[in-house]
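First chain written, first letter: the chains are A, B, C and D, and each begins at residue 1.
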Amino acid sequence: MNEVVLEARGLTKHYRRGARAVEDVSLVLRRGRVTALVGESGSGKSTVAKLLARLVPATSGEILLRGEKPGRFREYCRSVQMIFQDPFASLNPVHRIRYTLTRPLKIHRRSETPEQLLEAVQLPADFLDRYPHELSGGQRQRVAIARALAAQPSVLLADEPVSMLDVSIRLGVLNLLRDLKERLHLAVLYITHDIASARYFADETFVMYGGQVVEGGDSETVTQHPAHPYTQLLIASAPDPDRPATSTPTPLGEPPSLGSPPDGCRFSPRCPQATPRCWTDAPPRCSLGDGHWAACWLYEEVVA
Amino acid sequence: MSVLEVRGLSVDYGTLRAVHDVDLTLERGEVLGLAGESGSGKSTLAYAMTRLLPPPGVIRSGTVRYKGFDLLSLAPEQLRTLRWNDIAIVFQGAMNALNPVASVATQLLDVFRAHRPSMPRAARLARCRELLHLVGISPDRLDSYPHQLSGGMRQRVMIAMALALEPEIVIMDEPTTALDVVMQRQILEQMMELRAALGFSVVFITHDISLLVEFSDRIAIMYSGRVVEEAPAQSLYRAARHPYATGLLGSFPALRGPRRPLRGIPGSPPDLRHVPSGCPFHPRCASAMDVCTARTPVLAPVDQHRSVACWLEHENRGAT
Amino acid sequence: MNAKTRAGLALLGFFGLIAVVGPWIAPYDPSAMGPDLLQPPSGAHWFGTTMTGQDVFSQVLVGTRGVLVVGLVAGVLATVLSIVIGVSAGFLGGAADELLSALSNIFLVVPALPLIIIVASFLPDSGDLLIAVVISLTAWAWGARVLRAQTLSLRNRDYVLAARATGERTWRLIVFEVLPNLTAVIASGFVGTVIFAVLLEITLSFIGVASISNWNWGTVLFWAQSNQALSQGAWWWFVPAGLCIAFLGTALALVNFGIDEYANPRLRSAGRGKVGFTPVERS
Amino acid sequence: MRFLLRRTVFYLVTAWAAITVNFLLPRLLPGDPVQAMITRFQGRLSGDAVQSLYVLFGLDQNTSVLEQYLSYWGNLLTGDLGLSFTFFPTPVSEVLGQSMPWTLGLMGVTTVISFGLGTVIGVYAGWRRGTWVDALVPVTTFFSAIPYFWLGLIAIAVFAVNWQVFPAAGGYPAGMEPGFSGEFAGAVLYHAVLPAVTIVVSSVAGWILGMRNMMVTVSAEDYVLVAHAKGLSQRRVMISYAARNAILPSVSGFALSLGFVVGGTLLVEMVFSYPGIGYVLFQGVNAKDYPLMQGVFLVVTLAVLVANLLADVGYLLLDPRTRREAW
């Protein structure tokens, strides 16, 4: 039922100025399931989204749409659509909502009307004649979702769709995305820096650090039993109202500079359990049982 | 014993009323959390206290009592000497809060040049090195420029600058929103250690209420320019009374414990251009009553430590 | 639309009107000699007369059309050039961007006046339109530079990426997504270029490089200067034309100011009070 | 330092472009005015003078364009810009050599004064916005719209003709023998006042407006609010936080608008018959003296390029971000 619709194998992106933004990322998106990509800013998660949307050319690695190499960009974007982070920048301030929604319908020769699209994202039809600046952040993000649905895609790439919205309306948008996923049988890639929302919204979660995926598995396991030291640090740092303020101080250290990554494990400079080996050789993926894996020498004996 | 008392403060931005006669008290050595979303007026309130609101902001009413005198009626020169000496601010956008064309040293020394004219230069430089060390930055960064620092380092320089004159009160306006969660925790923990050591009071402004529950002693929640509930952090977290407060607390997916479906709050955040009648939250409130659309509730004490502005709490809710 | 823009537009409208009706309402033929030589302003000759008895008021009236025609034609040509070069440099990036922005910077740095003087004096008869074309060839650089910067910043805005992600073609992205957001910049660039062209054209006529057969304010000053109007105290010969230039320039500048304030809200007058010291008005 | 290197390369390319344009102009444009000139001065022209004019204006058809281009550069490097017809038989380079110092003196001084004055007034006008100072804006807009030469005419009419306070024309009294005496220097200054004031008054307005707008935009930045919050004195905030950042675009704007300012200055020289490059150009235009005109264009362009380089160095000193690479 959840057949693979989009697959990335060994995706890599190096920018001219030497920044190695994404390094050998492989992941699979299945219909009707949400896959989360969690990481700090600069971890390369947004670049992965742009690579999958083919808005940015990959340095190496391949993308398979329903198992084959994708054809012309216009056919490709009929099945893969993207939603952007900043609701204030993702809609052209000069066009009314009507224009923004009818364009994709015309390009992909869909029969739906803009009114139906707005209805699908729980917005009244009279929004069509409004300009983006007359809408709130949440409403704009819903229009962006409606625009993505216009092409009737099978994959939806959501790059931090709610991180710039007010907290109280974030869940409204996330729940909308979940209903659409179930109703339209979409495969959703959910990119976020907030691991708690990944646990709430996604079926599987991948954690990225310094351009590489360091841990993966179903969301509940990864968030409740984190294996990779970085995932543990991420969860320990997340705000937790139940914990008294004076808890163990977390290690100091700066996020990695992608310009000159250390050889070996990129997290080694900040890792409390780093061994000499971590400094020199890149850790392999070690399987920890039913799909849960971590790229870390601590689990060396169970190399996948 | 309170160190700062705000009474009946109202602020206009052009024709829009951004803050509606707010009462707030900051106790000595306390961390007061100020939570609210866009349009809640939390930053406007903080900047109005030291008359730092950019045009077209105008303070319409209220007093801000600090050490016996009203900050709002001080002469410009008096207020200038009081700024940073007594009340310092850690700004949000560290990217733009530091002067891009001046070195870290210059911007730190500026504070001493303005407030400690008699202090010899050597002592000033030593103090700058000490401050950087205090916030975990190596002193040789003194002659770097802001564009040569990472986001985390820039925010720590802001904190060092704020603590330069050992102020009584430090206002933190979304200090870590622009940073990653790991850096955020390091900086906030460092801030709390400094507070414990130096004993200043903190006004901590943020939209992330789960952070406030963890780091502040008391929390005031603002909505559409008014304080809707004020209570000790843990008791607010355990049992919030105002519907907006409960809704807000319920909008944070839990990282630990059982996974329960959440709804957040329907509708959209307040738009200052057309504020609803009566209680501004009534359009989004599940338990809104007739009186809520008619009259605006007043913030009144509900018990010894908590006050709420909601008709559900007050006995005369029957009177329409 | 604030007071400044309205005043600018009113003044501009006034000059536009004169440019259209000038030749018909002019009391005399500007080139016709007359009996009363070098008379100060009088009932018969509102702006007085020249050495050879020509009516200065008619010269200024008829001259308005020449000034505005060349100014507008050069403005339009230069703006079109700056859009094509600036937007394509900003949008294409890479080598094309390097080449085009180097080209516009060269035209910006090289002083325009001496170059045009040489080109104009080479051309046998430099009529209004030819002068307009020559001016526009050096007037596009500033607009191109500003447009390139704006296009660069708009190009990677989310809504352009999003439009591309829905499958829009590149030319539609430029025309329908980027250009509509550039209208304010293009408008203020156009007005700026018209000011530049008007001043340049009048200068060329004043030096006598542009052909003096058709009248414009520069030619009035040319004849005033070459007939020692100054030393004979004939102030009325050169003052009115100069004032017209200044007022036209001011009108255009005011309109430009209005456009800038529309594009950059910070410039709008933010009312009373200084930054850093919020006014307290407790009733 | 990469910034300066890149700028120098750009200026060399621009210089090359200007020289090439100068080379191509006579060959591309219709009409052949130079040949007429040569025939008119047939008898009094020496062999190699004619040859250098042939090279400059590509008249000898038998050599290919490339050879002409190379020999054109050959002449250029030896400083041979051909003969001037207006000041026959003195070579163009000599004419320019005499008039260049006057222009550099006048333009250099006035540009620095008007930039400095404009910036200071602009800073103050931007900082005191919302007060009476705002009335300054329409006035300066009016002044910036006045053509340089017309203001010169007015200045002469008022100060030289009516009140006879200042001389109406020339760089120094006709009878005086130029030399390095105090008296001569005094006379030069006395003659330079009116043209200088004219240039400053008509060019300062542009700087004031530009700086004021930048000050208004910068005053709304976060770091200015932080400076106020730090309790620094108004003066300190205005100067080392607001003005210090607002001046950056003004300096880069300064470099780019030099070409325009030069045009204006040349005109003032014409009106005042001030013995600089502008007046020489004016005479050359009337006499269709192409070698002289092209010589003026080259020299003025090279001077502007050097000035631009200086402005870039100034920008480098003011903006640390261009000096040291980011973190």
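In this section, contacts are C-beta pairs under 8 Å (C-beta built on N, C-alpha and C of every residue); 3 or more make two chains touch, one makes a residue touch a chain.
Since the model is a prediction, treat every value here as computed from it, not as a measurement.
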| item | value |
| --- | --- |
| Pair of chains joined by more contacts [C-beta pairs], C-D or A-B | C-D |
| Nearest-to-centre chain - CA centroid comparison | C |
| Inter-centroid spacing, chain B versus chain A (mean Cα positions, whole Å) | 32 |
| Mean-CA-position distance for chain D and chain C (Å) | 21 |
| Centroid spacing, where centroids are CA-atom means, of chain B and chain C in whole angstrom | 51 |
| CA centroid of chain B to CA centroid of chain D, Å | 54 |
| Interface hub residues of chain C, defined as touching at least two other chains | 270-277 |
| Touching two or more other chains - residue numbers and ranges from chain D | 130, 220, 225, 227-228 |
| Full enumeration of touching chain pairs | A-B, A-C, B-C, B-D, C-D |
| Contact set on chain C toward chain D in their complex | 4, 102, 105-106, 108-115, 117-119, 121-124, 142, 145, 195-196, 199-200, 202-203, 206-209, 221, 224-225, 230-231, 233, 235, 238-239, 241-242, 245-250, 252-254, 257, 260, 264, 266-267, 269-277 |
| Chain C - residues contacting chain A, complex | 157-168, 176-177, 180-181 |
| Of all residues in chain D, those that touch chain B in their complex | 130, 220-223, 225-233, 236, 240-241, 244-245, 248, 318-321, 324, 326-327 |
| In the complex with chain C, residue positions of chain A that touch it | 50, 53, 55, 73-74, 77-78, 81-82, 84-86, 89-95, 103-104, 107-108, 144, 147, 150-151 |
| Complex interface listing, chain B residues touching chain D | 50, 52, 54-55, 80-85, 88-89, 91, 93, 96-103, 106, 110-111, 113-115, 145, 147-150, 161 |
